[in-house]
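Below is one structure. I have some questions about it.
Should a chain be cited, it is by its letter among A, B, C and D, assigned in written order, with residues numbered from 1 in that chain.
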């Protein structure tokens, strides 16, 4: 039975670090994918889970990730990352992300992750998301 | 007049570095966007250009970037990144990228970059790609 | 006149992000240098400064940086970075850093940065640290 | 019996990637430690070893790493990294590194790594370097 009312989204603040900037004077675009994942992992912690506990037998590799970039971020900018679970299928979780800074839309992203089993020496294999994990999230738009 | 026959794609080899892996034992997905850009810049050099010469008055920030991930890469894997210019509009360049390792499809990506003017102290502003740049590339599928 | 009592050190918390780990399952050592710099910049903000304001005419490149590593950090570990200004000379600032996690010493580092003038098209040149900057810090052991 | 004449150093070329630069327009200092490690791993491959084979029971975490920075590197600079094994003790390997660009000394570094055993669920434990590894390297100054 799904637990209605459990959180489906999370917002966290981040300040641009110098090592995240590039010679164009702005955050290198590769960092946005890391910000999205950082918010995802914080969301998992909020519902009482770690996405990668030590010696875990399952994992959640990324199937796809995309970003549209609207405005740049600069050194020491404080911005917000909001991540939302938009869909859960038997084997995947889909997220969308909005990054904002001072009421300005900076970037919008989305990501799909799949549940896999990890056996040493063998390729990862797609499996059904365990119910005790899927039940922690309540998809929304 | 467009110079027919100029290269529209580039292939380069890369070996997975240890700092590109994560605790799941595979290349962290954020690196694929860097690989795609690395191939883009190599393509520009191949046609005689730098995408970011020092004190340049124009730049090419990313408008969007996406990747679908099919198989993981591991430490010391040697793989190939192929980038192709698929479309050039007045103000943007569109690329697609295929990453392969030992005949296996690892990931497929795409990226759109826009031409902007850079004036110190002012926001970047979208402009028409200079003809001497656009003419160096021949889009293909 | 030096302002006695101004802060000479700063402590900040950081949680290990997944992209900071490597295939050995621990934080890649290159990140510790970034943590040290992150704490340095937070210290500067605490005394009312940005180490790299936009269009700045001076900068503070690193002259040397070292770390001794005692224990590893793992995904989601919460740890503390303490940075202290240990010496200010006419042209340099020297820091030491201690990284701890759950009362355990993780790593100890040190760093020297120099003040330089930045003129477009010319090499960086070592200069005297402006008094309004040097006066904000009070070295201690 | 030590195999005299085996290589004790390695030189490799690297071109500065855009994602390695920061808002000061130069390579962020944290990258030099990665360059040093990249050269170390290439040296190991040259003598027929991987420093981190899959499912390895031993590993070589870093004990300390230091760099002195002399001149900056910029986007697309081609430079050389030379790494030399300067000492092997029962449990550690010590390297020095020189980074040069167009006959200019860019940076000099050093690093000590230790051999450890890795047992799942237990802390890493310092052990004697296996003879088949130690014998592959011939320290020099």
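In the analysis below, a residue touches a chain if its C-beta (ideal position, glycine included) is under 8 Å from a C-beta of that chain, and two chains touch if they have at least 3 such contacts.
Note that the structure is a prediction, hence the values are computed from the model and not measured.
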Most distant chain from chain C, judged by the mean position of its C-alpha atoms: B
Pair with more cross-chain C-beta pairs in contact, given B-D and A-B: A-B
Inter-centroid spacing, chain B versus chain A (mean Cα positions, whole Å): 24
Centre-to-centre distance between chain C and chain B (centres being mean Cα positions), rounded to whole Å: 33
Centroid spacing, where centroids are CA-atom means, of chain B and chain D in whole angstrom: 29
For chain B, residues contacting two or more additional chains: 18-19, 23, 25-26, 30, 34, 37, 52, 54, 74-75
Chain C contact footprint on chain B (complex, rising order): 18-19, 21-23, 25-26, 28, 30, 54-55, 74-75, 120-121
Partner chain B, residues of chain D touching it in the complex: 17-19, 25, 34, 37-38, 41, 45, 50-52, 54, 74-76
In the complex with chain A, residue positions of chain B that touch it: 23-24, 26, 29-31, 33-34, 37, 52, 59, 61-69, 71-72, 118, 123-124
